[in-house]
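Labels run A, B, C, D and E following the written order; every chain starts at residue 1.
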Amino acid sequence: MEKILDKKQIDGWVAALTEHPQGVGRGCNAAEAATTTLWEVHTPALDEGIWTYQPANGTARLDHPNTKQSPKEFAFPQREIFFSFEQIKGEAPRLTQIVPKEQRHAVFGVRPCDGRGVPRMDKVFTDHIEDKYYTSRRKNIAYVGLACNKPPSPNCFCLSVGGSPVSSDGLDVQMTDLGDRYFVKAITETGKAMMAAGGKLFADPSAADQKLLKKTHDDAVAYPQRKINDPDGAPAKLRANFDSPLWQEMAQACIGCGICTFLCPTCHCFDINDEVHNKAPLSGQRVRTWDNCQFPDFTMHSSGHNPREGTGARLRQRVNHKFQYFHENFGMHQCTGCGRCVSECPVGIDIVTVVNKVTEHVG
Amino acid sequence: MSDNIYLPQLARVAYIKEEVVGERSIKTFRVEAVDGKLFDHECGQCAMLSIFGRGESMISIASSPLIKEYKQFSIMRVGKVSSAFHELEVGDVIGIRGPYGNNFPVDDWRGKNLVFIGGGCGLAPIWPVITTAVAQRNDFKNITVFYGGRSPRDIMYRTELEKLRGSADVHLSVDKAEEGWDAFCGFVPANVMDKAPNPGNAIAITCGPPIMIKFVIQNLREIGFKDEQIYTTIENKMKCGLGKCGRCNVGKDYVCVKGPVYSWAELKDLPAEY
Amino acid sequence: MINIQDIRDTARDMLAKGEARMVIGYRRGTRGMLAEPAFITDPAQADDLVWDPTCFNNLSLYLVHDKKFLAHMRENPKGPVAVVAKGCDARSIVVLLQEHYFKREDVYILGVSCEGAGVVDERKLAPLLNGERPSAAAFDGDDFVFTTAAGEKRLAAREVMADRCLECRAPYPKEHNLVFGEDKTGRQLEAPFAALERFEAQDAGQRWDAWSQHFDRCMRCFACRSVCPMCYCDECVVDSITFPVTAGTTAEEKATRIKWIERSATRSENITYLMTRAMHLAGRCTDCGECERACPVNVPIRMLNNKMEREAREKFGFEPGASIGGPSLVATFLDSDPGQFIR
Amino acid sequence: MSKKRTGVFVCHCGTNIAATVDVARVAKEMADENTVAFTQEYVYMCSEPGQESVVQAIKDNKLDSVVVTCCSPNLHEKTFRDNAKRAGINNFTCEIANIREQCSWVHADKAKGTEKAIKISRSIVRRVNRNNPLEAIAVPVTKRAMVIGGGIAGIQAALDIANAGIEVILVEKQATIGGRMLQLSETFPTLDCSQCVLSPKMVEVNRHPNIRLMTYSEVQEVGGSVGNFRVKVLKKPTFVDPDKCKICDHCTAVCPQVVPNEYELNLNARRAIYIPYAQAIPASFTLDIDACLGLNPVVCGKCKDVCEAGAIDYDMQPQTVTEDVGAIVVATGFDLYGQENMYEMGGGKVEDVLDGLQFERLISASGATHGHILRPSDHKEPKDVVFIQCVGSRDPAKHCAYCSKICCMYTAKHARLYKKHVPDGRAYVFYIDIRSGGKGYEEFVQRTMEDDDTLYLRGRVSKLYRKGEKIKVMGTDTLTGQNVEIDADMVVLALAMVPSQGTVDIAKTLKIGRDKDGFLAEAHPKLRPVESVTGGIYLAGAAQAPKDIPETVAQAGAAAAKVIALLSQATLNRSPLIAKVRPSHCTGCGMCVEACPFIAIRLENGKAIVNEALCEGCGSCSATCLRAAIDVKNVTQLQIHEMIEACLA
Amino acid sequence: MSEPQADFEPKIVAFLCKWCSSAGSDLAGVSRIQYPANATPITIPCTGAVSPMYILSAFNKGADGVLVSGCHIGDCHYIEGNYLARRKMHLTMELLKFIGLEPNRFRMSWVSAAEGAKFAQVVTEFVDDVRKLGPQDKLRKVVSQ
């Protein structure tokens, strides 16, 4: 399904997704309205100087560069409660699962790189054994993408990692900014249904629109980006250079903050901890929180032995995971070239430079 | 939500034994299902044990798969969760989920000589193989067990090891000589070198501290064992046990899924991040 | 004006003569604006060094890294590390020395005077450059000059300068072995604590509204802590989960660690973390502003530290990093300390 | 490692607790605690059977720790700790939860009281869970004492201690010992001559083989703790060798420098080289360097020229000596509240308004006027003398809140002595009320009123000012309600006694507390009146509170007895609740070193080290350490954290 | 600010130094001076031992108010512990106020062993103050689902 949406109509479409078509009192009672699945829509908004996804409030604007945090948090929130436990002294504990709420979320303005993060996360959480916390959230999420007319960040490099500023991978709907209107294209069935909900707000694209779309896309792809010189050769080269002294050299400034991974649309590592609310009688929750391989203790054994001692080993893990291990397992790079880790690293560690250096290194 | 892979089953502690006391104390626990039955497992697999309010730890199942009534674990006190285990009393209820990881290919080893080499707490992961082999004694040729601790007090499964003697060659050792100890004094790899088990039609299974494994493997290869004949387990830090949390990652493998059992031939191929 | 060549020559000389085993300075990075930390051991690389308004990092952090690394390797340092330090950075070094973190002779301070300017705030700059990526930045009197693909862009320093630099009272590294540039102390563009005062002018409700949102945003990446030279504790007290374990931590210690906060990045835990950090930095933070700069979600962390700094200054006459032998804020007292709040 | 097995014993205290706290519920809630293996309630836990049951329960249930929820730990902590010990477990694993003083007695609402009692008990249970068995610390004792202050209190204490065979160092700031008593004329209630009583004691001090006298000396620094103090004393140079000085007085004759004589309370003058008092001990002149023209023959050097004995040595240097002692008696005495503070009494600016001590010097035979009462302004004999009591005392609004205790008595004494010297004089006494508790005291006052015909006026003086020759004293007689105006020739103010400057200074140096009035604080107002809050430091005399000579001597004797008892032990037991460093967390920042009030921490190889003998366990270090690297044993941060949790559950 | 609630019973943690304020509270007990039961005492050796962490932690764990009470200045059993505390608590108070916590939720007082009545008065006043403010939910840990 390909349509044209006037920019002024974007809030109308959001409203159509959020509100029940009939609405309570307009031919539909409250119970019906509640059971009919509606969307909670999230659009990028500028808050305290940073772009974040926020519940749509009728003033959606899709002129953001890219959000500070990737949209991964919708399916993989920073904090997920698995279950709660209670135990009276001398009795067996009682466990209560906490199931994510059945609520559909539509995330608007997802950039193509972040869209491409989605199938990568899906792989992790469904490969081998399904993580139901992830999948039960994921199945309720639709990603309404926004193609990049020009790379929003000077550190974008999606083209180097098999993506493109106009990729629709992982998205349900792809929108392209044509100046005063959007070219809207449904990618999945969900996407079609969502567009259908917009009904008359959408118009059919003219041939000129199609032409403009093509030009816009072509221009976007042609726009210069940062470049990984040999992405295809990377897995083998990284493997070969595992022991290279370059790693420590390049990572010497790393402070191990993990910003690079927390913000990354594809980093999925987590920690599980028990949070105790009361000691007697015992009550608390088992909670999953984000974690990442850049934290020094991530792999440290209880004995104090740490297989990834030093920032070099940890940078290598991050880069290798993205450009070698994931590739070896799933045939694709885990990095989607969003450039967040490059732009946000407080000490200027730059994955593009790192990959280039290591792949050019003969050792 | 069915199949919640993070939700443990409840199990009751039926038996506790103090194996080793002191700074690195070890206790053995047997647990039984509170309701229904616990999962079946294979030799070498592990389980995530929980103490609610303290957390989870990955622990090797130390009992033979042949035993269905209970599962046995031997846990060294090293930190938060393991300390909580050491405070348990019989009758207390814990959480358990698993089994996780791959297993020793015991079926492929029938008709072979088995050489077990363990150190410290590393006897636990290979104990199910030893006890299974002894239980099915006729399926296997010679069984040799090397095991060493820092001192006589650090030898775990002492009585069980003594009981093995009828069915297996048992070579115990301690790191430093001490009064009343008349078996081998020195590190386990040295004991192995000393007794030099025959590599012919043999499989060597070793488990223990990383530094011990390193030298055991060196020595085994010197004696003539091929990479494919040597098996070990690697224990990277784990949180989920399901190949998702990312921390046991070595190269393309998540050890909790692809491991913990590796032949040296396979392991050599992975980056040395364990 | 500092001639970068002087710094380069000094660095090269020191390395060549073995007077320093490493020079920590700045060099051009690849990701754009930022000059990145450079760890130079080979005299030939001394020419990589740069000095411009994008030299944000407080390099004294790497003295801490170095010490930890050496301790881990059980090595004894052979000769001092030379480090390029701005006014605030040099004060951090003073605090570290005050706290006996290393010895004075272990560090050779190559002071650089900000000469009445300071460093750029990327967040202020970005909108002014319309997404253009500057390839170079330079001081020029009251202006900063940025070179982008679209040409040179001249911006008034005060428009793009980091808040901390606008308010900086001591942009000259008093403690140094060698100093580059002139002492132009007193040329500050804004009154000290100006931003803080603007914020404090609000009522308690407004302050809470603002802070609660800030605390909500924090995702506890701990960048603020990791980038801070004063946060050198091996095991941070508030943090029961990440970084708790050093090789020396015993089972008992792990089992009995105090869980002041949970790992979950919820508001209450974030508050406790950030407030504790502010308390721990009272009298130690030298306002290098790195925490705030590093924070990916713009939590105005510096303001918390600033608040403590101002209290210390106004109520206790205390200046962090003023002298190596000086007292520490919370381990000392004066008879005249305020007690009006005690009822 | 296994779980703690704690027993919780809940006391009803008759109905003292049980009336407002549901003790059964407290016991039940405690039973739900993870570590509690046994609970019991009993009507009087501290009774013989109660205590027995605790001992039995510990044994029967293999308890390793005990919580008794009862009254304040001040009352029975020791009792139950002893029981724990008797039952074979470590006494430091027993703690008290105070649910009486802090709960049942102050909350009438049973529901709320019970809730709070549960929280208190739970917090103590959690604390005990982390208590470690500890042993008291034994420290060897230095058998030697120091007495600071050589007034009657110090003299008495020194003699008593020395007589018990213990070496004493007596440190006096002035050039002679004797203190204030030396300045008194005759003393109530017997009117015996002060110096006649005191001088023999001073001589005895000087001669005593066990006493080492250090006059003109000041304590500079004190380290260590009970049993083992290390004291640095500064001996100021007197520039006169006491062994050579013949007290010939030739030097004063030539000294050109004249300064007010402080010993005579400025009623007359002395030279720069002087002897405070003819029978001074040590018997030697002292050169007052501040008054001297300069120790340089070119400038002056007259005294040196005339001194035949060659006792004068301009090159004498200040000397610092370090002494190890096991106990310290502080007897640094009092001063009078400054007249300048008494605005309503002329603020010290009205001539012939004297303070009590000046009056003592006026009537003293050895005083400036050789015992003749002559008023300073014109050396005439005053005929109308007004004595005003409670000047500066008992005035919480403006001056000292307390009663100086001795003014009633010495005013009566003064009035009598005055009448003895000037039989035709008229003495008036303004008083608020008369406090004459003490053997023979009331009789003494009565006699002054009746026999000596002194006019006692009950009331306050509102104002006094000089009018020509006379001082106009305006007051009210509250008995008659009349305003009174007296034209006096002289006024004597019974000024409040305040701690001497030396007392204030020594409190800082020794780090011993002072009470709200500034006097040295005793450890307990009733039960430990001669001990300071710091172990091994004792108090005697007017430095601790206003008192007269008999009381001073009694307290000095008591302090001496304490010292003797302390120093007769071979070792001392100290509380083991002291700081402990976790070296793995310590970065050696030294902040604890700075914070420690007892100088008990030092840095060694980049780690803090606690001196167990010095640490008092205050915890200032632990609250200062940013890394929780230092904790007070059994009051660790972990324990407090868990107590906070328990209070808020 | 939360709405004041009539039936709201504030939860207060009171850190009392062993020598003065705890003894003062004992005296209040001996004198049977009644005061509200909302403050649960934790006896510490000295106010100098109160780490700002304790205050933050108490609020984090749900305290509606925190009281720190010790010996008057000059009376510290450990000579200067309360001076150190005064400085730390001042900073703590300022920081709490700065982020917008109601200053009346944190109180420090000097109560000597002789001031039983003052102890009761301090607690009474403080409970009143906190009651007026309602539950403290700014720093409190929220146990969410």
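Just so it is clear, contacts are C-beta pairs under 8 Å (C-beta built on N, C-alpha and C of every residue); 3 or more make two chains touch, one makes a residue touch a chain.
Nothing here was measured: the structure is a model prediction, and the numbers come from that model.
Engineer: Hey, how far apart are chain B and chain E in touch steps, shortest way?
Structural biologist: Steps on the shortest route: 2.
Engineer: Report back the single chain whose CA centre is most distant from the CA centre of chain B.
Structural biologist: It is D.
Engineer: If you average the Cα atoms per chain, which one ends up farthest from chain A?
Structural biologist: If we average the C-alpha coordinates per chain, D ends up farthest from chain A.
Engineer: From the mean C-alpha coordinate of chain B to that of chain D, what's the distance rounded to whole Å?
Structural biologist: Averaging C-alpha atoms per chain gives centres 69 Å apart.
Engineer: So how far apart, in whole Å, are chain D and chain E when each is placed at the average of its C-alpha atoms?
Structural biologist: 31
Engineer: Round to the nearest whole Å and give the separation of the Cα centres of chain B and chain C.
Structural biologist: 48
Engineer: Can you tell me which residues of chain C touch two or more of the remaining chains?
Structural biologist: Counting only residues that touch two or more other chains, chain C contributes 237, 245-246, 248-249, 251, 254, 259-260, 262, 266, 330-332.
Engineer: Would you give the residues of chain D that are in contact with at least 2 other chains, written as numbers and ranges?
Structural biologist: 595, 624, 637, 641, 645
Engineer: Two or more other chains touching the same residue: where does that happen in chain E?
Structural biologist: Residues 52-53, 57, 80, 84, 88, 141, 144 of chain E each touch two or more of the other chains.
Engineer: Along chain C, where are the residues that touch chain B in the complex?
Structural biologist: 245, 251-252, 254-255, 257
Engineer: Quick check on the complex: what are the chain D residues that touch chain E?
Structural biologist: Residues 72-74, 98, 100-103, 105-109, 112-113, 115-116, 119-120, 123, 511-516, 521, 525, 533, 577, 595, 597-598, 616-620, 622-624, 632, 635, 637, 640-641, 643-645, 647-648 of chain D touch chain E in their complex.
Engineer: Quick one: which bits of chain C touch chain E in the complex? Just the residue numbers, please.
Structural biologist: Counting only chain C, the residues touching chain E are 200, 204-212, 237-238, 260-262, 266-269, 271-272, 275-276, 278-279, 282, 304, 307-308, 311-312, 315-316, 329-333, 335, 337-339, 341-343.
Engineer: Which of the residues in chain B come into contact with chain C in the complex?
Structural biologist: Counting only chain B, the residues touching chain C are 23-24, 77-80, 82-84.
Engineer: Contact residues on chain C for chain D in the complex?
Structural biologist: Within the complex, chain C touches chain D at residues 99-101, 232-235, 237, 246, 248-250, 253, 256, 258-260, 280, 327-328, 330-332.
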